[in-house]
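Chain lettering (A, B, C and D) follows the sequence in which the chains are written, and residue indices restart at 1 in each chain.
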Amino acid sequence: MRREERKIFTEVDPDAMRDLFRRKSKKLENKLMSVKNAVNSMIHDGDYIAIGGFGSIRIPTAALHEIVRQGKKNLGLSGHTSTHDCQILAAGRCFNRCDIAYVIGLEAMGIPKMTRKYFESDAVEYTEWTNASMSWRLKAAAMGLSFLPVRTMLGTDTGRFSAAMEIKCPFTGRKYYAVPALCPDVAVIHVHEADIYGNSHINGIIVSDVDLAKASKRVIITAERLVDTDFFRNNPANTTIPFYLVDAVIEVPYGSYPGNMAYEYYLDVKHLSDWLDAEKDEKSYKAFINKYIYGCRDFNEYLNLNGGLEKMKRLRDLEYLIKTDKEETRNA
Amino acid sequence: MRREERKIFTEVDPDAMRDLFRRKSKKLENKLMSVKNAVNSMIHDGDYIAIGGFGSIRIPTAALHEIVRQGKKNLGLSGHTSTHDCQILAAGRCFNRCDIAYVIGLEAMGIPKMTRKYFESDAVEYTEWTNASMSWRLKAAAMGLSFLPVRTMLGTDTGRFSAAMEIKCPFTGRKYYAVPALCPDVAVIHVHEADIYGNSHINGIIVSDVDLAKASKRVIITAERLVDTDFFRNNPANTTIPFYLVDAVIEVPYGSYPGNMAYEYYLDVKHLSDWLDAEKDEKSYKAFINKYIYGCRDFNEYLNLNGGLEKMKRLRDLEYLIKTDKEETRNA
Amino acid sequence: MLKYNSMELMISVASRFLEDGVSVSVGTGAPCTAAMLAQKLHAPNLLIIFEAGGIAPLLPSMPISVGDSRTMYKAYQTTSMAEIMEALQRGMVDYCFLGGAQIDMYGNLNSTMIGTEYDSPKVRFPGSGGANDFGSLAWKTIIVTPQNVRRFVPKVDFVTTPGYLTGPGAREKAGLPPGTGPYKVITNLAVFGYDQDTGRMVIESIHPEVKLDEVKKNTGFKLLIKDEVLVTEPPTDEELKILREDVDPLKLIIGREAK
Amino acid sequence: MLKYNSMELMISVASRFLEDGVSVSVGTGAPCTAAMLAQKLHAPNLLIIFEAGGIAPLLPSMPISVGDSRTMYKAYQTTSMAEIMEALQRGMVDYCFLGGAQIDMYGNLNSTMIGTEYDSPKVRFPGSGGANDFGSLAWKTIIVTPQNVRRFVPKVDFVTTPGYLTGPGAREKAGLPPGTGPYKVITNLAVFGYDQDTGRMVIESIHPEVKLDEVKKNTGFKLLIKDEVLVTEPPTDEELKILREDVDPLKLIIGREAK
C-alpha cells in the first residue's frame, strides 16, 4: 500500500529537545501568574499546542477561552481526543494544522456543525492518527526518543495518511509502524492541586498528561486549587507532574467547566447541548461565541453567566450522585 | 565494533505472549495461598524469574528463602539491580543464567565473596546490560512490543556483550540500540497492601515493578498486609498493580526483612553485615546459610532468629528516624 | 407489535456475546449499555475497560464520555490511555465494540471521511479515536450499527479501522497480531458472523419479523448466507427489565431507535 | 599535618562543581555526600535524583542504598527507574557522579570485570548498574576515585561506561547524545579535566602537599599537563564543619581514607 507523504508538525529530534530541556530551570521558583499573562507570554502565533485531559474531561477551559480572546492564530493542534477543547479553539479559528486522532465531535452527544465545517474547509491541514498512536508519540518524546514501534494503523488508510513509517524488529523480523515523537511547543493541563513551584496532582485518570508534560517545551498548569508545597513533600506519591517540568501555575477554581472534573463536578450537559445547537447556523454560532467568550472579560464572568456558584454546587451534587430533585438527575 | 553473539534468555515475541495473556483469567478470584504452595506450584526448575524491588529494598524475602529451601535449580535470573535477593538465590545455587545490570554487590556495603565466586565459576552464564536497558526491556514487554530503541550502551563493551542490536530511526537516521523485550516466566513482588484478588498498592518508589508485573507470565505478590477490596474500589489511584495481572497473593508481614520497606521498617544493616562476613570462607558461609535458611521451617522462624517483633519495632523506629538510643542510631 | 425496540434488541444480543470473566473495551452508548447489561445478568466478572484510563468501574449510570467520572466510579484502577492501549497490545482485551459510518463485507470500518480526496472531504468525521487501535489489537471485534445501503457499502471511502482488509491473511501480512479481527456485526435487521475461508460477512440470524430480502436490500455488497438462517433470539423479559429499570432508566440509549 | 583527610577533600572539591539550580543523579557514598554538602552550603536548589525513583528528597541522613527510604524522605516524587532514566535520556540531568575499578585517559570506566575473556573473568564486579546510562545520558560526568596505577590504566579491560571512547567525535559516532561526556576526575591526589581537542585527561590542580611526580607515578598513561598547574583549594572550615557535623556525623563516608 502506497504511503502518502503526510506532514509531521512538531520537532522529532531528541537532541534538539535535549538542548532545550537542559536550559530549563530546575530551581524551586514561584511560577504563579494570571491566565492572561501565561497565554500572552507562553503561547505564540504559530506554536503547536496540546491540551491535557480528554476533550470534555479535566480541560483547562479558562486558558482555552483566553487563547481565543487574545486572537492566537496559526496554531498547530494535537487532536488527541480533542472535543470541547477543539470546539473552543475552532470558534476562534486559532489553528491551521492538526494531528487528528479524534476531533470535532463530542462523543455520543453529537457533532458541532461549524466546527466540522472548519475542518472541511481549506483552513486546516491535517495528518491522520489514532488515540493509541498519539499517546505513544507523546511517550516517545517523554522517553527522549525520536520514535516508538507500534502495532496499530497497519494495513489501513489511517496508517497511509499518517506520517508513520514501516520498520522491522531486528529480533523477530516483525513488521511495525514507527511513529514519530510528538514534542508540542506548549502543553496546557488542568489539575486538581498544584503548589507555586508547579508540582501537580491529578486525581483519577491521567489520560496522556504525564507524558505530555514531559514531551512539551513549555508547560502551563491550571489548578482547581493551590496547596502548600508540603502537600507533595509529605506524600511524594501525590506528585503526578513534578515542578521541574512546569513553567506557569494558575489557580482556576472550576477550571474544567463545562467539562467534568473527577471528584469535583460533573459535566454541564445543558450548556454543552446549547453550544451544539448554536452551531446549527453562522448567526446563532456567532452570537453564542460572542456572548460566552468574547463578551467575557475572564473565566469568572463565564462561570457567572452560566449560573455561578449555585450551578457549580449542582454539578458537584451530580458528580457525587446526590439526587436533589428529579429534573437535575434527568439533566445529567 | 564487533557485536558478540550473546543470549537472550526469555521469550521476545509479543504474539507468543499475547496467546498466554489471552488465556489468563480476568475473573475476580480468591488468589490467596501460602509461600510454600506458591513457590511449589508456580516456580519450576528452569524458569526465568525476576524479583521486584531494588535488591535490598522492598524484596520478597520469604519467597526467596523458600525457593532456596525447595531447591529450585537452573533458574534464569533478571539481575536488574539484584543485590541481597541475588545473594540469597546464589546461596542456593538456584540459577544458571543471568541478565546482568548489577549483581553480587550490596552497593556501598561491599561485595559478598561466595556470591562473587559463584558468578566467576562456570555455573552461571550471562549477558550484559544496564539498569536503564533492563527497565526498558521490561517496558517493551509491558507495551506488547518485541523491542524498544534506547540511547545507552552505545560504543561500549557493555553494549557489545549485551544482546542489543543497532538500528536506525526512520525519521532522523539516528543510531539506536534496539533492546529485546524481557518476558520473565515468573515475577515475585513484595507490596504494602493487597486484596485477595491481587490488587496491590506500593508506597514510595516503584522501581520497575509495574512493568515487571505486566511483562511476566506469572505474578506472585507477597504483601505486608491484606486489605479489604474496598481499599482499592474507594480510591482507584491506590492500585499500583491491578488484579488481572496477578496469580498468587500471600500475606507476609515484615516480608522484605532484612531489606527496607519504605514507611514500614528500615534495613537491618547488622544482619546484612553478618551475612557479608559469613561469606569470607566456605565453612562460615555454609553454617550461616544452614542456620538462617535451611534451618528455618518458614519465614517467621527466620524473623524470630533475628530478634522477632522487638527487632521489627526497632527497625520501625529507624525507618521513622526516631532516636531511641545512641547505639541504635549508629547501627543504622 | 413487538414489545421491544431495535436498540433494545441489538443491546441484548450484544450483551450475550460477553461471557463471564472476559475483558471488554467499550465506548459510550450502545456498547456500554450492552456491557452493563451483561455484567448485571450473566457476567458479573466482566472486566470493563475504558480507553481514557478507567478500569473495572461499577458503573452507576451511563457515562457521557469514555473519560467521565462514571468510568472511575468504584473502579479498580484509574490509569493512562497509554496503559490501556498497551494492555490491548499485550493481548489482554478479549472484546471491543465498534461502529462507523461505513462498513464493507470484510468488516473494514470508516469513521474518518466521505469523499474521494482525503484533503477535500465531502464530510469529515471525528476520525479513528481508539477505533483503529481496538480493531487492530482486541481479540474479537463486535460491530454494532444500523444497517442500510449507505452504511453497508461495497468499498468504504476510507479504511479507518481494519476488518479483514482484502481477505484472509491480509491482516497478518500487514503486521497485525494473528487471531484478531471482526467477530460479529449486530444491526437493526440481523446478526452477522465472518466466514473463515473468505473473511467475508455471513448472515447468522435475522431478527424476528425481518425478511431475508429486507436484509439483502439494505446491504450494498453480496452477503454470504448459510444453508439454515436462524431467527435472532429476541430480548428476554429479564433482559428488558434490567435494561429498562437498572441499566438505562432514563432511556438515554434505548430511547433511540436504530435505523 | 593536614586538618582534613583525602575523602573530605575529594567530597569538598566535588561539591563545588554543583552550581545552584542544576540537577544531579547520585549514588550512595561520596557522591551523595558531595551533593548533600552542596545543598547545605551553596546550592539549596540542587535537584538530587536517585536512579531507583526518589526525586528531590531532603536527605535526613546518608542512604545505604540508592533506593532506601532516605532517598524518599520529604521527596517531591517517588517514581520508577524507567522514569528517572527517561529524564536522563531527555537531557534533564546536568551532572552525574561515577567511579570504577579502572579508568583510562579518555575517561572510559570499567566496573564489570578484570581479565581478558569475558566469560572467564579473573575478577567479576557487579556490572554497570546505572553507570553506563548516567555516563551516556547526563550532560557532565564527574568521576570520583582513588588514584593508583592499578586504577589509572592505559586500557581498561572492559568499557562498562563510555568516556570519550577512542577520542573526539567517537561518542557522537557511536550514537551517544552530543555534548555529553566526562567533565572532571577527582582523586586523592589531584583534579583532572578533559582536553577538548584530544578528549584526554588533563591535570587541572594538584592537592596540597602532593607532588606532580607522585601524580604521574600513580597514573598508568600519559597525562596532559597545562602550562600552569594549580594547587587544589583545600576544604574550607565551613565545608569541614558542615560535612562533619551535619552531612556525615557518623563518619560513614568521611571516615574512610581514599587510597
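By our rule, contacts are C-beta pairs under 8 Å (C-beta built on N, C-alpha and C of every residue); 3 or more make two chains touch, one makes a residue touch a chain.
For clarity, every value in this text was computed on a predicted model and none was experimentally measured.
Fewest steps needed to get from chain C to chain D, stepping only to touching chains, is 2. Shared contact partners of chain B and chain D, listed by label: A.
Chain A and chain B, compared by their mean Cα positions, are separated by 38 Å. Between the CA-based centres of chain A and chain C the separation comes to 28 Å, rounded to the whole angstrom.
Residues of chain C found to touch two or more other chains are 54, 72, 78, 88-89, 137, 177. Multi-chain contact residues of chain B, defined as those touching 2 or more other chains: 14-15, 144-145, 150-151, 174, 176, 203-204, 236-237. If each chain is drawn as a node and touching chains are joined, the picture fits none of the line, ring, star or complete shapes. Chain pairs recorded as touching, per the definition above, are A-B, A-C, A-D, B-C, B-D. Looking at the complex, you find that chain B touches chain D at residues 4, 53-58, 79, 81, 83, 100-105, 107-109, 111, 116, 119-120, 125, 128-133, 135-136, 138-139, 150-158, 161, 166, 174-177, 203-211, 260, 262-263, 266-267, 269, 319, 321, 329-330, 332.
Partner chain A is touched in their complex by these residues of chain C: 27-29, 51-54, 60-61, 64-69, 71-72, 78-82, 85, 88-89, 108, 112, 118-119, 121, 123-133, 136-137, 158-162, 165, 170-171, 173-177, 250. Those residues of chain B lying in contact with chain C across their complex are 14-15, 17-22, 24-28, 142-145, 199, 214, 232-234, 236-237, 239, 242-244. Against chain A, in their complex, chain B makes its touches with residues 8, 12-15, 144-151, 165, 167, 169-172, 174, 176, 178, 180, 203-204, 236-237. Put simply, chain D touches chain A in their complex at residues 20-23, 45, 47, 54-56, 58, 72, 74-78, 86-92, 94, 137, 139, 177-179.
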